[in-house]
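Paired with chain B in one complex and with chain C in the other, chain A is shared by the two complexes that follow.
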Partner chain A sequence: MNSTTLPTSPVAPRDFALAAPAGASGWTNVWAIAGVVIKELCRRKDFYVLFVLTALITLVMGSVDIFSEGGIVRYLKEICLFLIWISSLVIAITTTARQLPAERENRTLFPLLAKPVTRNQVLIGKFLGCWMACGLALGMFYLFLGVMAGAREHVWPVLGYAQAAVLHWFMLGIVCAMSLAGSIVFAAPSSNSTITFVVCVGILLLARRMNEVALGLSEPAQTIVYGIYFALPHLELFDARDLLVHNWGAIPWGIWAGALGYAAVHAALFLGIACALFRRKAIN
Partner chain B sequence: MRTHLLAIGLLASLAFSFAAWLEPWHATWAGNRGKSANLLQTALGDGRKIFARHVYAKADAYFHNGYYPPLFESTDDAKAGRLSQTAGLSKDKHNCADDHIGKPRDWIDAFSRHFYPSRHSHIGEGTCGHDHDHDKHEGCEHCDHCDHGQGDKRSGEEREILPWLRLSAELDPESVQTYVVCSYWLRGTLGKVDEAEQFLRMGLRANPGDYELLFELGRIYNEDRKDPSRARNVWELGLKNWHRRESGKPQPNLFLCAQLLGQLITLEEKQGLYPRALEHLTALKAISPHKEAIQRWIDEIRYEHTP
Partner chain C sequence: MASGGADPGDVSVSMSDVILKLEHLRVEYRSRELGQETKQALNGLTLAVHRGEVFGFLGPNGAGKTTTMNVLLGFVPATAGDAWIFDVNVRQPIARQRIGYLPEMTYYYKFLTAEETLRFYAKIFRIPKGEVDSRIEAVLKLVELHHARNRPIKTYSKGMQQRVGLAQALINNPDLLILDEPTSGLDPLGRMKVREIIQRLRNEGKTVFFSSHELGEVETVCDRVAILHQGELKAEGRVNELVRHYKLDNLEQVFLKIIGYNELNDPSNLAGRAA
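Right, the complex of A and B next:
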């Protein structure tokens, strides 16, 4: 059912913040919805708790005396990056997974769709909001990491950090789109969060080895596993932690841009699936 | 109400009696983790040893600037042997031509290699592999790529492996290899002789009389402290302990025995104690595959120094 054909809900507030002015483009609606999601993340305590925890653990680990040898920094970078990856996955998945169920539960989805806002715009707005919010959170995390590592190492590889952070952010784009699609399929945000988290961690740990596993199998299992290997979103491609930790320098720009393109295609694919599912979904 | 109060009183007395009975037993029980001052032992018990090998492998990964077989390619030879080979603990030499990842199997594999360390290098060495021995650095694509001086040898970066070796020793205090490798790096490149000796002594407290630790301690006395008599005592004790522990085994660690004897021979020769040197050379000849070379050495000493 097309959302624009939905009747105006009698419970819709008159000056609802997301209501777009007459004649406003679809993008205005999308950005308005995204802005609300970003404000929601700022209001919630999840990010602050995870940030303080990451900073605290890193600083405590940094205070350990190791053979009175100052300037040991790689283990700290590794621990900090590991915590950043865990925290960012938690923030991305939980924030995205609760968007649509919360709107349904609070019955704010009806007034939202009663305005001249299409279902696709709601979904894209939610995605952009979550992705932007993840970007803001990542910016804070990587800033802390850069300052902490630079203060000990006296080297400031800004380019390497920027490349790794942007790769990480685009990877979270795939995760957000995946989680958004999951929030339409699964009944509860908790089940969606758990399944998305398990899938993401599984891909990060195992996807790189799937081709080797496939080559060891007989037909037709080999073709099936290899097919899955090519179809999977390879999240591990965006994991440049070892390059950062061991100061391997910047990734060639062409390769880096290629990875961002790969992420954009997969995020668009999951978002397309989510839009298709949401259009068919009865929201009452 | 009174029955309830009496029941509660009875249960409280029973709980108190059990506590008074069990506490002295628990305090003397061998499995009581609370006795240990080590936080990791208290938290994980003997299970911590499972993680020790992984942490040691992490140190090896750091030694190779992150270029390392993944979790699923775990073989003892590939994973844990390379750091100890470099430290001279194993008779096998570290082979820098080892390439565990091989050729890319598909485009995703080839593409993904740009996002993790996929070339063999060692800590302190350049990681980019470009030749920096040229005049015009400005505008050079390679030098731009290596803008943080990766092409140049960096001194003291070996310290980065120390946290993992220390943690590995905390997790498994009975792993002798960890103490020896850590001491090798501490006293060698980093010049921290006191810390190396202290760490070896910590290892000796956990593994009393271990000949590998005594061998390394002897090297500290001989090479760093310039105290040959203490080095001799330590190596002779190490040799004695080797005979006690290894001689009955079907495959004794002959490499370490040969190293102990070799160090003792060189020391005695330098000190002018030729009969002792000949004694050790005879023992070395019995276990060495290079019997002719050792015989020549014996003949040389006899010819030059026997009246």
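Right, the complex of A and C next:
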């Protein structure tokens, strides 16, 4: 064996964190955990497969000349955006849903929680890591779409793309937080992923019509459906696909910021629920 | 409870500041199934480990060793009683700032390399950036993994993974090491290496609290031992004093006597029960 001795610091490094402000130390832990999640996504094949598939389908569709239609690029954008939405939901849900179950199954949670880390920091770190990773993936998807559409149309509505991408990213924040809370309730990542995916798609397709449905109902069903309508996170609010497809102008900044705030509140709510559940969970 | 009380004149005991303290610790696990009784994993465990000691924590499977460690590390809340590390209640995360922990048969983030893993844990301990490289270098050399530092952990053998575990437990230069069956699943060479590391840490004045089923190894390495059975502390003291107290030849025989193995297998008892 080597005769190496561990270095000791002249300034008592073991007590360094004791001297550091609790808040600063907490965020260091959160970012360290988030960094590991981002590395994981970068080293897995899921994202690359989805990106290559989206790019291939879009490029193949783009190379076909259907009835010499001049506005074909609109359809192309619509298909590409649809694929981006599906891919981003799959990446966000599957990445987040497996975080805590994988930590428990591989027992990496034990050495992690044996360090001066709180459970809330682990959860927030996991959320931030997944959300940032989704942001990176989304950036690549939108860049591809922008370049592909710009090359065909010779217009570059950068602001519209940026607004749509950020709205989409914040919507994924709600999805990640929802999936993280689900991963504490449901032990198997597959069941959590399926349930979260069905709920998200359900909200995207049906939530905007729920108030109309409620109007046609008698009491107490009307109140219940209205209650659900107001309690649900309206993910469809973040869908700015038409804006990009038809090259409409940018969204007014006030409305855009309001939507981001709405997403932040819902993500915080789901994270709060996740933290409360995780704090009470015995880990053994 | 039998106690092989320590000699007051002994040097190691004269440095008697308590590093780890358990007082009347009780842990109950509630069953989720209806009609199932709660399982008492620990029952009034009181224990103290002093600075610079290598303390062996023994007991058969299900005795409550891992539960005790889980309480010390804040994974499981105690039903009653309390535990302190460096005079800080284990419910506070900061109690874990000066400890290193090696779980039994653990796995690390397989997509990270050993160096990235250690860098991650170093960040959590807020080790100053200027020191991180030298620490990583030192612990990787100590566990003899410096040649494989840039390979993903998924390519490591079981023994190498266990050594990554030791390296992460040592990255913060801890004053107290909690090792849960550190040699479990290792080949004889791996065991010898882990034993050497424990002995070296003792020479550096570290406190080591470890559980093991390898009684020969415990006899060689430990200053004091505690034997747990069915959640209760049955014996505590120096190995030679316990052996003398029970008038037996070695720790293994003491262990077997305490957990009642000899009585169960005594031919006269068997004959009596058959009659």
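Heads up, the rule we're going with is that the second predicted complex is superposed on the first by the 256 of 284 C-alpha atoms of A that agree within 3 Å, B and C clash if a C-alpha of one lies under 4 Å from a C-alpha of the other, contacts with A are read in each partner's own complex, and residues count from 1 in each chain.
As a convention for this text, a contact is a pair of C-beta atoms (placed from the backbone, for glycine too) under 8 Å apart; a residue touches a chain by one contact, two chains touch by 3 or more.
Because the structure is predicted, anything quoted here is derived from the model rather than measured.
Enquirer: Thinking of the overlay built on chain A, is A:L237 touched by chain B (first), by chain C (second), by both, or by neither?
Expert: First partner only.
Enquirer: After superposition on the shared chain, which partner residues are touched by A:A32: those of chain B (first), chain C (second), both, or neither?
Expert: second
Enquirer: Of the partners chain B and chain C, which touch A:V117 in the superposed model: first, second, both, neither?
Expert: Second partner only, chain C.
Enquirer: Could you look at A:N211 and tell me whether it touches chain B, chain C, both or neither (first, second, both, neither)?
Expert: first
Enquirer: Could you give the residue numbers on chain A that contact chain B in one complex and chain C in the other?
Expert: Looking at chain A, the two contact sets are disjoint.
Enquirer: Considering only the defined contacts, which chain B positions touch chain A in the complex?
Expert: For chain B paired with chain A, touching residues are 62, 65-66, 70-72, 105-106, 108-109, 111-112, 114-117, 127-128, 145-148, 150, 156, 159-160, 162-164, 166, 186, 190, 192, 195, 199.
Enquirer: Given the complex with chain B, which residues does chain A contribute to the contact?
Expert: 64, 66-69, 71-75, 155, 157, 159, 167, 205, 208-209, 211-212, 215, 229-230, 234, 236-240, 242-243, 245-252, 255, 258-259
Enquirer: Going by the contact rule set out above, which residues of chain C touch chain A in the complex?
Expert: 29, 66-67, 70, 73-77, 93-94, 96-99, 101-103, 105-112, 116, 120-121, 123-128, 131, 134-135, 138-139, 141-142, 144, 165, 168-170, 172-175, 178, 193, 196-197, 200, 204
Enquirer: Flag every residue of chain A that touches chain C in the complex, lowest number first.
Expert: 1-2, 4-9, 13-18, 20, 25, 28-29, 32, 35-36, 39-40, 43-44, 106-108, 110-118, 282-284
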